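Chain nomenclature is as follows: A, B, C and D, assigned in order of appearance, with residue numbering initiated at 1 for each chain independently.
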């Protein structure tokens, strides 16, 4: 009975089978652990969505990303091709191999090894007959060639990574290198094995057939066939045994990540399972290294996410934990779409000093409620010109506003969160939320993107819209509540990380810039970090200046007369390294504001959409 | 000690002294002042006159803001007047606070002559007396320092440990009003005063320079007079005693009644409150004034010069030096009847 | 340049100021009579080990100075201390203990400074405790016998530097700031940290005045690279303990609390005072009443001594000065002397 | 028996004196390794001046991290750091370019156990 099930059989297949079953069971075990490790709310998300449209969408994304690696094409075409060829090529080899073996044995259920070694078991001539009608062998050869071409690129990248659009690649760990060599050997050896078999039997298609007959012409292939298939099985086993402990575990885990993410699950301290899944899904491809501005400022220090993920995954002690600026550029570039910033923040263990901030009092509130509450932000108090400009703009626009943190003692809590002090940050959030809601304001305007982000992401402010002052000023101009005359200068816009990538506010500042300056000469590159970030407390001043200088000459590519930014911290970081004026939007608006009589603020009534004068209150 | 303390040498008169007593020295150590006069007269053959009408210098009152400055100056002017009437020019102040006060008053008169005239007016009005500033105004310890070698020559004992032959280790403590207020009026200046170390080395002893040597002894009028501050007073003494402890001194001598009293009395209190004892093998360190040391060396009877009134029992030291004394007569008067034993004596002799 | 060639300038003092004055005058073509109480040139430069701020070796600087003085126009009369200048009919007569030694048409006084005698600050115990030394003494030990800086044969565990000893101090009537003891203290602290890497070095300062170029950088290097600890608070008392180490008492004014530390060495950063062999000029008192240093008629316009045509001062005899400043003032005095001779 | 009598006044020992011979500076050396620039601090007070918690919280950041160089602060003194918002303004104004925000984090981290055990509800 056994022979029937395990027909056809040859001892060498045992190696592959052992490897394959090991990977299978390990992967299954991990999937269970991941799901167990989800928080209750995340489990609910999973169960609610598993049978919804989202699953199909996820499947689509798996094909687009796991197989075709569409995002990597965005980084570099050759790099994309390399990944696609390896992934998609190998997938097709497996698929067609199965179809071929089923077609021949007309047995749907057969041992897993059969399709992989089919050419050994059935070296026969191509079918259906006919010299040029493409049979299975032809497609198998085609995709094998496809994979081998990808492999050639991979080897080439090892020496000239720049040609594949990567200045730096990840220095891999020993285990990864072993798995890598095993992976690189699989396909050449398969080629040799198949060619030997085909050469001995005069079969095979354009690749294996011609190569086989070439070999046959000068050596006797028969004694070589079996050893080659043994090596092929051995190399496969080696790869499968190392796979779970190396970056290649990314292959099975990425699809799982794609499904869970599609269902809306996000990295959080409450779901360690999902975090572990994200860590496993990282292929440490190194695409995140080049965007990191610290790669130049701190050469040699393994700060970048591909290294950082490794240190947490293998829980090695690391002192670079505090060096990342959390600017988000690597997260944006990550082809697997991992939430690198939350992972890093949550890794900064809560120092449980439990900041008890008793300092936030409603110091701006004088009893009356005003429509607009202006929260300058602690850092803005070190750039007083921003405050003066905003005051001028508010007054000129006739808005009914109030300055919440006029004496500079307030803090939004995000710096604490960036340092992993979640309970301290929450304590501040509760207090500020109470104050904001009690103030009766409808609009909360802030000058600091760091505050803006936490107000949007974490704060729960029903009935209050949160705006960064660039958005608010743009509205004032569009509603003709203030007029500015456009200056004749060219300006470049530095997009603060927390505003652009962090909060998705990219359009309004550029729109406002075009109203203020003759020409917007901002270079078309991903938003650069100014180096002053609170996300990277461990950076020395020298490093911060180096990052700022690097960003500065990238931003001055278009020869701007003025550098405009929208964050007090970025302004303070660029000023010492820039030889052109560095200004905040509010300052340049205040500078070119056309003084005129103050019009009463018109309230856009929601029902009738007619503009009614607001009682200034 | 290296020599440049010699830059501070003062001129000390050699005879015909007008002695003004201290108002607290004889309360703490009754024998001390009579002993000093006796040494001057009978051992050194000096003429010492003590005017029955002379009074306190009001130092304690002045330093605790009870007596206004002008009253103090008038009283001091009266002392000078008495001296002038009796025909003496050289004054000896028994108490360091008086010495400091006289120096201060003379210094103020030097810089503000008009003040001196005003005080002269007050004195005339109050007592009808006129006064002249003394030619030479020194402290009692200066006299002993001047004649330390004469005393050594007629001394019966030496500050040497009889059994080991080692010179006794003696800690000197100088009253702050002696040298710190006016360095040039102290023998050897304020940092390395020699007035007591001179006596110690002349009489065979060995001086000890410990880190807190210049620290305050804890007397400080406002410290001990005011009950809540008394903690500060004893803490200063503790710091000093802790600092000298490693040197294992045999004896402490001081030239001011306050210092000798507090360094002596506080040792008892420290033992009672903290169990801290600073002498060798459980003994405390005896504290003498300069006159008592001179009397001891000259062979006076210890009980005669009042050593039994000290808080720290002196028998251990007397035995070390080899002074003969009759232990039974410790608490008897001249007629031999008991004058009352103090309640607590915890004495360890080893 | 000059009508009659027999003009002569006398330069008193062969320290950095005297050297540059004599060399400049010689190069300008005037014969120079050069006097110094010592037998060789360099003055105090001979006792220094390394100079701040970049710690060049004092011997190299002295060597460079020496190479300049080889010209024939300079006539050295070393070994005799000039302490009096008399005027008779337009010539200036130089006297050494009332004995005439030479004369000249113009004189440049470059007699330099003395170090403050730390014995006058008794409370630091200098001269009483062996472990209390002054900065020049430390410089000498570093130069000739660093091993003597060991304590009981081992590396010292703690070393304290006390700033402002004999400067800015009403008690001893020296109210000016000697400007250079702070940076000397920083340099020596670094040298001690390098000599004994395990020892803790503490500098007690009132205000740290590192004003010259390169001084602040040296200060930062001392703090950051050599971990020298700077405590703001002036030591008020030093006493010796049984192991002959010195117990220092100070207040850390930034903590507002008293502070005690036992150290193996106390280095007193002593200030500069006018040289005891200060030159008297005829009947006129040309020193500053307050400080005792020589006083220029008009400090803004030149180095001519107050009320003394033809007599100029150079270097630290006019006030605390670093070596580069002294050399520069030497050149200035020489050119002024030449102008005086030309316009006379 | 000798000892433990009370005469109505207490005796102070060293009191407020910082004894550098025996002070515990282990935390200081740890911090020096983590934040090397910290030793360049000249105590100018810019950090404490701009510190929001300094103005009304009990925190004097300059005095605290300076004290650590001399001795281990008491629990009460260390717990004042709990009102630090880590906002980073001090870092911006420090004339010596010391990463003071990182210093604050390092102090918290290195005294975490010491403070947590002893001040339950910081």
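Brief remarks on what is shown
Criterion: a residue touches a chain if its C-beta (ideal position, glycine included) is under 8 Å from a C-beta of that chain, and two chains touch if they have at least 3 such contacts.
Computed from a predicted structure; not experimentally measured.
Put simply, the chain closest to the centre of the protein, by Cα centroids, is D.
Comparing chain pairs C-D and A-D by the number of C-beta pairs in contact, the larger count belongs to A-D.
Distance between subunit A and subunit B, defined via averaged C-alpha coordinates, is recorded as 87 Å. Subunit A and subunit D have centres, each the mean of its CA atoms, that are 40 Å apart.
Centre-to-centre separation of subunit A and subunit C, using mean CA positions: 66 Å.
In subunit A, no residue touches two or more other chains.
Multi-chain contact residues of subunit D (touching two or more other chains): 37.
Shared contact sites, meaning residues of subunit C that touch two or more other chains, are absent. Which chains touch which is summed up as A-D, B-C, B-D, C-D. The touching residues of subunit D, when paired with subunit C in their complex, are 14, 16-21, 32, 36-37, 39-43, 63, 66-67, 69-70, 96. By the touch criterion stated above, subunit C contacts subunit D in their complex at residues 158, 202, 208, 220, 223-224, 227, 229-230, 232, 252, 254-255, 257-262.
On the subunit B side of its complex with subunit C, the touching residues are 1-2, 4, 189-192, 209-214, 246-247. Across the complex, subunit B meets subunit D through its residues 227-228, 230-232, 234-235, 238, 269-275, 277, 346.
Taken together, the subunit A residues at the contact with subunit D in this complex read 322, 351-359, 378-379, 381-382, 407-411, 413, 415-416, 418-419, 421, 424, 428, 532, 534, 537-542, 569, 572.
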